[in-house]
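Here subunit A shows up in two complexes: once beside subunit B, once beside subunit C.
Entry: the complex of A and B
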C-alpha cells in the first residue's frame, strides 16, 4: 500500500479536516455523465435525459439511461455506465425481493432507501469503492401520490418536487425552482414538457426526438413507460408552438 | 490534479481526484497489446474474427483458441490478456449452462452479455481484485425474438450492442474501416462479412513490423442452423485470397500514383 501521507485520499477514511475525499471524488465521477431532470406533477411524474450514442457502430437501443426497476418504479441513472448498470441490477433485485417478502408492489421510497443504505456501506468500507452514479427514481405511490427521489453515491436520498443530476445540475435546479409553485397542478403533458424545456434551456440547445430519452408514469395505475421518438417529437412540436404563440 | 495516476492508480477501489479509476483505464490499455478482434452483425447472422500473432516459430499453431462456443446459440471471441479472457469465457459458459438448468431454454445473448458484463464489472469494484485485461465479443441468436445480436464487453464491465465492433491493437483503424461499410444503414451478408474481416485484418498488418498471424473466424447464421461454428477452412482460404487480391489492387493503384487512396 502507498506510504503517501495523503492516505485519506486513497480509501474511505476521514481526513484531519473531517472530509471523505474518496466520496468527493466519486461524486465528481458520478456527475461527469449526462444531465437528467425529473419533475413531479399532480398525478404523474417524468424523467428526461440526453441520449448520446458514443459510437456510430453502436446500436442506439442498447444505449439507455432509463430503467424500470419494477413495472411501477422507474429510474434514470447517470454517471459511469458500468456502475450504473450494476446499480440497476441490484435495485431490481432489492425491489423484487421486497415485493416477494411483503406481498405488494415496492414503493419508490423503499427502493430509494435501500439503495441509499447500500451506497453508505461503500463509503465506510475500504475494500469496495462507491458506485459512481446518481439515480433519479420516479413513481406514483398508492398512498402518497407522485414522487421523485434523488439517490446519490454517498447514500443521501431525498424526495423532491423536481430534481436534476449531472454536470448541469445547478442550472437545472435554478430553472425548476422558478416553477415550483405551479408544479403541483401540472398534468402529465405539462410535466413532460417542463422537464424537456428545462433540459433544453440548461444545455442551450434545441433537441430532436432522437437526442433525448423520456420516461414517465401516469397515475397509480400507470406503468413506467419510455416514450418513442414520435411521441417525443409531438411534445417538442407543441413546446415550439407554445413558445411561438 | 493528478492525471498520471501517481498513487491513485494502485487499486480498483480508488478514485482519482478527477473522478477516474486508473486501474480500469490501464486494463483497457492492456487489451491494446493483443491481436485485433472484429465482430460484424450481418443481415443473416453474425461473424467474429480474431487475429492471433504467432509469437514463436516453434509453437504448434492453431492450438491457442480465441473464439469459444459458450452455448449452441452463442459464441464469444476474446482478445487482450489471454488468461484473463479465458476466465471471462469460462464464466460465460457457466452462466449459459445454469440458465438452461434454471429456466429450461437457451440463454438469450443479450442476457448473456449482461451477465458477463456484471461479472467483469465486479472486478473493477474491489480493492483486493484487479480488472480483467481482456475485451470480449458475444455473438448470439435469440430464439424468442428470432434475431441475431452482437455485443462487446470491455474491461470496465459495460456491455453495448453493436452493428460492428473492434478491439485490440488495430482497434482504431479497424473501426474506421467498419464505419466505411455503413453497417447501420445497409447490413452485409455473413459471406461478405467474412471477406471484409479478412481484408481489414490484412490491411492493418504491416509485413515489416508485425509478426505473422493466424486468423480465427466463426459465424452464426441461418445456414449454420443458428449454431455458432467455425468458418470452414475452404471458405476462409477463399476469403483470404480475395482479401490479398484487394490489397494488391489497392497497392497497384497507389503505384500508379493515384492520390486520395488512404492506406
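Entry: the complex of A and C
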C-alpha cells in the first residue's frame, strides 16, 4: 500500500521531493488557532495570548491556553484544543517524572527537549499522527537566566529571545525583531508590556483586560503566575499612558 | 518500534527495483543546510551552516555539531528532530561499549552501529527512514583521524573530504581542487571555512556557523571566538 506514493499524504513517509506532508498539514492545523507571543528580559519572562470565550454562557475561567507545567515552568499551547490538553498532560507527567528521577526542579530546556523528542516519534512512526499544537515554554533557569522555547509539532525546538506562534506569527516576529537589541535589559513590566503591545499591533485592536491572558515568571525564585484581569488592566492603562505621553 | 497494526515495512521495492523512500529521504537531506568535513593527517574538521530562521533565535544554545564520545563528533544535514534521535542512540551505545569492553569505542565501530540503526528504520514495520545524512569525525583505535559519511539508507563511506546538503555539488568540486594528502589540520580548518563561505547566503560570521575539530584524538566544538580568529585569518 505504501508503494503508491499517494500515501505520503496520509502517513508520515517521504514525498518524492523529500517532504513530509503529514508534518506540513499538522503545522497548518497547529497554526490555525490563536496567536501567542512570548518575550524574555533581564530576569523575567512572559507569554501573552488572546482569550476568546466562544459562548457567553461558557465559564470564562475554564477557557485558557496558559498552563503551569511545573510551578516554575509555564507554557502557552495553541492549535487544536483537544490535542493541546493532551500535550499538557504529557508535559506535566514528563516534567514531574524528571524531577522525581533527578531530585531537583525540571529546567525549561529539559521539558522542551523531551516534548520535542516525543513529537518527533509521531513524524517517523506511522501509527500516530502528530499533535496539532504549538507550545511556547517559558521559565527562568538557575544557570542561564530567563528562557523562551518554541516547540512545534514536528519536533523542532529552539531557544528564543522572543517568539510568536499562530496565524499572525510572521507579523509578530517582525515586530519583535525590531526590538531584539533592547530586550535583554527589559524589566518584568517592560517585558509584559512589550508582549501585549506586539499582540495588539499584529491583531490590529486594543484590548480590554478580559480579552487577553498573560502568564509570567520573574527571577529564579519566581513561580509561574497568570495575571488577574485587574493586573492586566493596569498594564494596558500604563501602555495607553505611554503612547499618549 | 512501530505499532502492531503497522507491522509491515513502509519502505518497499518499486517495480524497477528501487527503494523510493530512501531516495526521497536523500532528497530531504539535499534540501538541508550545507555541512562539510575534511580529514587531514593530524586531525579532522567538520563544519556546518547554522543559519537560523530569525535573529530572535538564541544561537548560543543551538547546537548542530554534537560530541558523541570524547574522541568523536557528529554533524548533519537534513531533518533536525531525526538527528537528535541518532545523537542520543549513538551516545547511549558508545557508553554501553565502554562499559562492556572497558575502552572507548573506536569511531569505525560507532559508525557501523549508527549505520545499522539507520538501516533498521528502512526495513522495520511502521517507520520511515531518517531524513539526515551524518558526517562523523573521530580518531580510530590507533589514533588515525577519520571522516565518515552515513546516509539514510544505512550505507557509510570513509572520506578524505566531502560535503552534504544544499550546496554539496559545488562544495565537493571546491574541496577536490583544494585537498592535498599531506594537509595539516590548520590548513584543513582554513579550507573548510573557505568552502563553506563559497555557497553561503549573506555574510558568514562566527554566530551562524559551527565547527568541530578532532585534534590529538580529542573532539571539541570551537567557540565563537575561536571561529572568529580563523575567520579573521581568512580575510
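Everything that follows uses one rule, which is that the second predicted complex is superposed on the first by the 240 of 245 C-alpha atoms of A that agree within 3 Å, B and C clash if a C-alpha of one lies under 4 Å from a C-alpha of the other, contacts with A are read in each partner's own complex, and residues count from 1 in each chain.
Quick note on the criterion: a contact is a pair of C-beta atoms (placed from the backbone, for glycine too) under 8 Å apart; a residue touches a chain by one contact, two chains touch by 3 or more.
Not measured: the values here are computed from a predicted model.
Colleague: With the two structures overlaid on subunit A, would subunit B and subunit C clash, or do they fit side by side?
Modeller: By the criteria stated at the top, subunit C and subunit B fit after superposition, with no clash.
Colleague: Is A:127 contacted by the first partner subunit B, the second partner subunit C, both or neither?
Modeller: Both: A:127 reaches subunit B and subunit C.
Colleague: With the two complexes superposed on chain A, say which partner A:173 touches: subunit B (first), subunit C (second), both, or neither.
Modeller: After superposition on chain A, A:173 lies in contact with subunit C alone.
Colleague: After superposition on the shared chain, which partner residues are touched by A:58: those of subunit B (first), subunit C (second), both, or neither?
Modeller: So A:58 only meets subunit B here.
Colleague: When the two structures are overlaid on chain A, which partner does A:32 contact: first (subunit B), second (subunit C), both, or neither?
Modeller: first
Colleague: Using the touch definition from the top, say if A:159 reaches subunit B (first), subunit C (second), both or neither.
Modeller: It touches subunit C, and subunit B stays clear.
Colleague: According to the stated criteria, A:11 is in contact with first (subunit B), second (subunit C), both, or neither; which is it?
Modeller: Both subunit B and subunit C are touched by A:11.
Colleague: Could you say whether A:83 touches subunit B, subunit C, both of them, or neither, answering first, second, both or neither?
Modeller: Once the two structures are laid over each other on A, A:83 reaches subunit B alone.
Colleague: Under the stated touch criterion, which partner chain does A:117 make contact with: subunit B (first), subunit C (second), both, or neither?
Modeller: So A:117 only meets subunit C here.
Colleague: Considering the aligned complexes, could you tell me the closest Cα pair distance between subunit B and subunit C in angstrom?
Modeller: When the complexes share the chain A frame, the smallest subunit B-subunit C C-alpha distance is 7 Å.
Colleague: Which residues would you name on subunit A as touching subunit B in one complex and subunit C in the other?
Modeller: Residues 2, 11, 126-128, which sit in both footprints.
Colleague: Quick check on the complex: what are the subunit C residues that touch subunit A?
Modeller: Contact set of subunit C toward subunit A: 1-3, 5-6, 10-12, 14, 20-21, 24-31, 52, 54-58, 61-62, 79-82, 84-85, 88, 121, 126-131.
Colleague: Can you tell me which positions in subunit A touch subunit C when the two form their complex?
Modeller: Touch list, subunit A to subunit C: 2-3, 5, 11-20, 109, 113, 116-117, 119-120, 123-128, 144, 147, 154-156, 158-163, 173, 176-177, 180.
Colleague: Along subunit B, where are the residues that touch subunit A in the complex?
Modeller: 7-8, 10-21, 114, 117-118, 121-122, 124-128, 151, 156-165, 175, 178-179, 183-184
Colleague: Under the touch definition given earlier, write down the residues of subunit A that touch subunit B in their complex.
Modeller: Touching subunit B: residues 1-2, 4, 6, 9-11, 21-22, 25-32, 55-59, 61-63, 80-83, 85-86, 89, 126-132 of subunit A.
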